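Shared between the two complexes below is chain A, which pairs with chain B and chain C, respectively.
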Partner chain A sequence: MKVICDRAALLSAINAVARAVPSRSPRPQLQCIKIAAVKPAKGGGELVVSGTDLEVAIRLSISQVEVNQPGEVLIPSDKLRQIVSAESNEPTLTLEVAGDHVTIRGADATFKLNTYPVADFPPLASYAETVAQTSAAPRTRTNFGIGAGVLRTLADRTLFATAKEQSRYAINGVLMKRDGKKLTMVATDGKRLALCNGGLGAGSSKDDKAVSAIIPTKALQMLRDLVGDVEEPVHVVLTDSQLICAFGGDISGKEPARATLTSNLVEGTFPPYEDVIPKEQDRRVTFDRDVLRSAVSRASLLTTEESRAVRMKFSNTGKQLHLSSRAAEMGEADIRCDIAKFEGDDIEIGFNPNYIVDALKVIPETEVIIELKAANKPGLVKAGADFVYVVMPLNLT
Partner chain B sequence: MRDGAPQIDQEVATGSRRAVEVAAPVGGGPKPARIAVLSPLVASQIAAGEVVERPASVVKELIENSVDAGAMRIEIELEQGGIELIRIMDDGCGIEPEDLALAYAPHATSKVKSAAELERIPTLGFRGEAVASIASVSRMSIRSRTPMQESAFELESEGDVLGKAKPAAGSRGTTVTVRNLFFNTPARRKFLRTIPTEYGRCVEAVENAAMAHPAIGFTLKHDGRVTLDVPPGQGPRDRLLAVLGKELESELLECSADEMDAGRGMTMFGLVGKPSIARGSNKAQHIFVNGRPVRDRTIMHAIAEAFRGLIEPGRYPTAAILIEMDPAMVDVNVHPQKAEVRFRDGSRVHQAVLHAVRAALAKEDLTPRAESMVERLSGLAQRPMWGGWGADAARAILPAHGQVQVASSAMPSAEAVEQDRQKFAEYFARQQPMQGRIGYASLQQAMSASEAQPAASLMQPAEPELLMPPTPAKQVLQVHKSFLVTQDEAGVLIVDQHALHERVMFEFLMQRVMKDGAGLESQRLLVPVVVDATEVQVERLATLTPLLNKLGMELSAIGPRTVAVQAMATFLIEKGVDAGEVARELLEKAESEQGWQSLKMASEEVVRDIVNMMACKAAVKAGDAMTQTELADLLALREAVDRSSNCPHGRPTTIRLTIQDLEKLFGRT
Partner chain C sequence: MAGLRVTTRVILHMDMDAFFAAVEQRDFPELRGQPVLVGGGRGGEGKRGVVTTASYEARVFGCKSAMPMAQARRLCPQAIVRPVRMGVYAEISDQVMKVLEEISPVVQPVSIDEAFVDVTPVLHLNGKGDEDPFAIGMRIGREIKQRVRERTQLAASIGVAGNKSLAKLASDFGKPDGLHLIRPEDAMETLGPMQVGALYTLGPKAAAKLGAFGVRTIADLRGFGKDALCRNFGESGEWWWELAHGRDDRMVEAADEHDRKSIGKERTFSDDIGDAVKLRAILLGEVEDVMRTARQKGMKPKRITVKLRLSDFRTFTRSLTREKPTDVTAEVWADALGLLNGFLGEKKGRLRLIGVSVSNFDEPEQQELFAPPAAVAEVRGRKVDAAADAVVKKFGRGAIRRGGGM
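Right after this comes the complex of A and B.
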């Protein structure tokens, strides 16, 4: 293999792929990035960079490359990244494989790195092959296209509600549900739940039956970060055990994709989220998003690890929200905030302020509605038509 | 019991006669054994079995008589462990010559005149049976002189044969000599143990008396050798140390309660051993109520409770506790040897002791030194200082013991200077100017010692303020993700991260649950965690609800054998504690009969247990990596939290290797 490659393009591809490479692994081959140089018959050339930790895999294509001799190589990720990053004066780098090592050459520098046999790298599922198998072997459960921007919005508005640390009862993933021309993502950590809907793009039939799967949190974060151009189409295929997303290309997989992410799915059942979303809230309070966010953030200053609660008194008569918090051996906070619109009776309830602020951060709409029923019943935060957020109260002491 | 008091009342020996009248002969049956009245001697000998078991009981009874006679000095002479001879000499008020014979009669006493007086007995004796009992099983003589008399009178007896009182030479006070104990009851004599054992028991009796009565001087001679000599007029602290061993001073904490003012009628003084010298049995607990050594469960429980979480289960604190209270508030007439008492208000006594001991422990840095830990763990704990702690009965006559003591007292004076220097350092390390064991006097002493010794001037006594704030640990090393190593003024601290964090959590949670009254804040769960339960558990759930609410838990039965966790303490949720696991443990506790009883009562004990379980789950575990900030925060909490020296289970959280220890280990001294 011998290629001359644009250094910046190579570096950004390596950086993106390296996120899937495990920092620690008993198998050094897994800590490598695979680089394949292809020279299609119709001309030009392409460098395909990929990495995986066996749970999630990322594969990126670079076209800013001149392929002199096609081939494949497995290079330790860390060193490759450091070298490509350090050669910052070079517009291009030459990669040449000979035997069991690769030579990376700039104008005034030559690095010779030991490599691993390419056969040691696990085979990665390909979008095109998976989609092509649909008719022959029906492994594909659903297949659709979505705008990259929509995908990113869905991820942004749910990921924050996933469990921060591993816990047996938390679901370390986000539910993805495709139903006709609608894609829903749901995330929860057992104390709150965020749900966001988005429309599917061209190539998605509204007759397709509902299919859902749980995507690992880490994979969804990477998927979100692969989004560049919000207009770019993303093609998604779900099998029984995997999610494959192809950025660019077309739904049939005939056009090659710019980037592909493959991830194993999380096994298990997602909590029955529809039951959790309260339906009969009799108090409906409308706020200006920024006013509310500022009030809740300030009240949260005087909460501690063991006393999280901010006491919220919603008063209809004064059209005011009165927030108060108290931290043992520290002090108290007392904040008042205007209510834009109030339907229903006064109510007092305790919430973890961080949970409220987290949601307000991802809401683009300026108008936010909080719906409540009782001090020991869930609260509902709504913004726009697509976003619903359930948050469980704290028992006030 | 009967004794030195000048008048003796005549409420006398009719008891045995009355008993005979009741026991009328019964007819019938083939050849029934005839019922006969026991001779007075045999009756006394049987009675003696209750009171006089061995030489030590004689020593105890006679010392008590001397104390009741108002003696300032009591001298005890023993031969052959007291089996051959026991002589108790006092300078008390003596006995009138004409009362001497009565002293030998059973149920004759000068201390109690009517049943009503038994309600409030100010003296140690009151039954009037000790002297009679002892006399019936030995060759005894009483020589006594009251202040008004010109000479002493002496009366001898041998079993039931009583001689005549005759004048004798003698100073003021009473001397009772008991020879050949059990000479006329060979069966009992056979049951005596070896001389060292019997002697050991006698020493215990004398030591107990000496601790109970600091104002009285005691001298104990065995086979002509003085083995204990404490002067009269000592304070309780000096006396306890004199008996227990001066070397223990640094291991003992002073605790006191003076509640006389509050009308509670009780004062208390005590020395309790730091957790590091806890023992495997409770024998090293000396409890005295109104000058009487007792084994009292209430007080022992209070001590154990105060030490809860500071020593491992199965070990017992060492303690010497002196309690004085209104005689009307305590019934001493419940045990033949008066080894037990009954308090009118046991819970008040319990509270007073618990609070005093707790307070003493709370203000102390209980971090054990690595050296003593290692010695203890390796079973080499027979340091000379332990010997003084009463348990080892035969110690004083074992030649080896003497050698050990010589070895320890032969320490060069540099060692003493070193100790003083250390005290000085500790004083400033703790930043509490007046705290029990290191007062101003010892500070002064330490300072003068450091002036004398140039090496000690390293402590810079001229500018003590600079040393005042405890230097916060700057560098912390986490070893194998399990232990933290840092330094303080005295040397190196090694901390078990889980144990310390567990203690910190525990104190936080307890504070919340017990003191603030409000209970723990709790987070409701979006989807309840469902736990399998038994029918018994489900049935008992409702009763537990108030307690659970306090702990931030909300459990509800959602089926005959299913329980749902609706909410759990915020604090635990944030630490990633599994709600199902906590619920399961609670339910299991509720199912066991013992756990159920304590849960029903929601006693402090059971709350502690549960909070302990929660703290354990919430704490960092061995193997958890921590950032520098987290490490520093945790160590800062070590200073802030009470009882941080031990985890709630009683295991130590911290071990200290002092600079002295290190120097010793590296052979630099």
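Right after this comes the complex of A and C.
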């Protein structure tokens, strides 16, 4: 293999792929990035960069490359990344494989790195290959097209509600549910739950039945970060055990995808989220998002790590929300904030202010609605038509 | 019991293989593959005292834990004797217990290297709804073994079953580095040929007494009959009868979140104190300190606990829960004094330690979205626990040992 590659393009591909490469592994081959140089008959060239921890795989295609000699190589990820990053003055780098090493050459530097046999790397199928293999077989449960921007919005508006602690007895994933022309994502850490809907795009199969799967949190974060151009189409396939997303390219595989992410699905059953979304809230309070966010953030200043509690008094007569907090050995806070619209009776309830602010951060709409029923019943935060957020209160005594 | 939802429970028992010896072999490569004895007397060069743990290489020679060190060295003169490094083991134990806590909230550590895990509440997270729960349990077991190995480079044996006793037996079966499942339908057959001593709380004295009746295996014990067992051993007999049939409803009891949060102070005296007036004065000082800290933290406790250690090292705690939380020293002092006076009225002797702690603080509590999984057969489990405790009364502490030492 011998290629001359645009350094910046190579570095950004390596950085994206390296997120899937495990930092520690009993198999050093897995701590490598695979680079394959392809030279199509019609000319030009393509460099395919991929990495995996056997849970998630990322595969990126670079076209800013001149392929002198096609081939493939397995290079330790950390060193490759350090070298390509450090050669910051070079517009291009030459990669040449001879025997069991690779030479990376700039104008005034030559690095010779040991490599691993490519056969030791798990085979990673491209999106087109996977679809070709599975679309006819029963393994494919559903496939659809979606705009990259929609995908990112769904991820942004749910990921924050996943459990922060690894494992524990929480679902470490986000539910993805395809139902007709709609895609829903749901995330929860057992204390709050975020749900967001988005519309599907072209290239979606016609399925009558809803199909859902749990995507690992880590994989969805990587998927989110692969989004560049919000208009770019993303082709998504859900099989019994995997999610495959291809950015760009076309569904037939004639045009290769710019980026492909493959992830194992989380085994297990998502909690019955529909049951916990309250339906009979009798108080409906409308706020300006920024006014509310500022008030809750300031009230949270006087809470502590051990006790994140803000008391919220919603008063209809004065059209005011009165927030108060108290931190031991520190002091107290008292904040008042205007309510735009109030339907229902006065109510007093306690919330973890972080849970409220987290949601307000991902809401683009300027108008936010809080719906309540009782001090010991869940609160509902709504904005626009697609976003629903349920948050459990704190028992105030 | 109406209203009790009967579900399949899946319980795991984890036991580190030759824990102390394995840690020594991990940290000192020259010990690997060698017979290693960990233990020895206080300050001695391992020549006195008893064996705490014998490596598998040393067990070949008949060396066992709790054996006098001198005897073990006669059995295996080439054994390398290592002193106990409890600090190191405790740290590794924390890492291992953390792995278990990542898997399920219901973890009951039994000792430094052994714990029960109830994975019933997390089955849905680890498998599909219609999947065999024990298959999911085995998968979780495999995951635990892998994580323990990754983080500590040590081997754990895991038993998977429908209750604590069977899970404990299963972990012994697979040793070392084992993963063994005893399904409820296989329990009778598996237990049958085992020695009666394998049953939890059935100690050597009771085994000897049963031996006199010609009862050696668990199958024999079933043949002996429930009535005969109860006649000779009372409640314990009834309990063994249940175990012999693979039934054990004891719960895996996770440490209570509330109990972990407490503020306390205790003092060991240089000379034991028998004078009640002096003891009260010391306790009052402790209460004042503790309540000062509580007020600084803005915490109002509901539970007050007094800890007392007699000169013979027997340790007692006396506690009460107030109706309303308080941060007033005088109120807590009145409670603590009542507890101390009650103790002094019932136990004679000088004290070498006195302490007080307050807990159960009045704090805003975050509510959960999803209801916790239903508790299973708790009432029966408590009854059985009570029976197990009765064994202590009947045969003394020495009669109690964990089952499975075949």
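By our rule, the second predicted complex is superposed on the first by the 385 of 397 C-alpha atoms of A that agree within 3 Å, B and C clash if a C-alpha of one lies under 4 Å from a C-alpha of the other, contacts with A are read in each partner's own complex, and residues count from 1 in each chain.
Everything below uses one rule, namely that a residue touches a chain if its C-beta (ideal position, glycine included) is under 8 Å from a C-beta of that chain, and two chains touch if they have at least 3 such contacts.
Predicted model, so just to flag it, every value in this text is computed and none were measured.
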Clash-or-fit label for the pair chain B, chain C on chain A
clash
Once the structures are superposed on A, label A:R326 by its partner contacts, choosing first (chain B), second (chain C), both or neither.
second
Using the superposition on chain A described above, determine whether A:L261 touches chain B (first), chain C (second), both, or neither.
neither
Chain B versus chain C as contact partner of A:I171, first or second or both or neither:
second
On the A-aligned overlay, A:L60 touches which partner chain: chain B = first, chain C = second, or both, or neither?
neither
So, does A:I369 touch the first partner chain B, the second partner chain C, both, or neither?
neither
One more residue to check, A:C245. First (chain B), second (chain C), both or neither?
neither
Examine A:E305 and indicate which partner it touches, taking first as chain B and second as chain C; both and neither are also allowed.
first
In the superposed arrangement, does A:A187 touch chain B (first), chain C (second), both or neither?
neither
Considering only the stretches 39-47, 183-191, 345-353 or 651-659 of chain B, report the one that runs into chain C.
345-353
Name the residues of chain A shared by its contacts with chain B and its contacts with chain C.
166-169, 188, 190-193, 271-272, 276, 306-307, 309, 328, 350, 352, 376, 378, 390, 392-397
Chain A touches which residues of chain C in the complex?
101-105, 121-122, 124-129, 296-299, 362-370
Write out the stretch or stretches of chain B touching chain A in their complex.
508-509, 512, 516, 518-527, 529, 549, 552, 554, 567, 569-571, 573-574, 576, 578-580
Residue set of chain A touching chain B in the complex reads 165-169, 188, 190-193, 271-272, 276, 305-309, 328, 350, 352, 376, 378, 390, 392-397
Taking the touch rule as given, give the residues of chain A at its contact with chain C in the complex, in rising order.
166-171, 188, 190-193, 267-269, 271-272, 276, 306-307, 309, 326-329, 350, 352, 376, 378, 390, 392-397
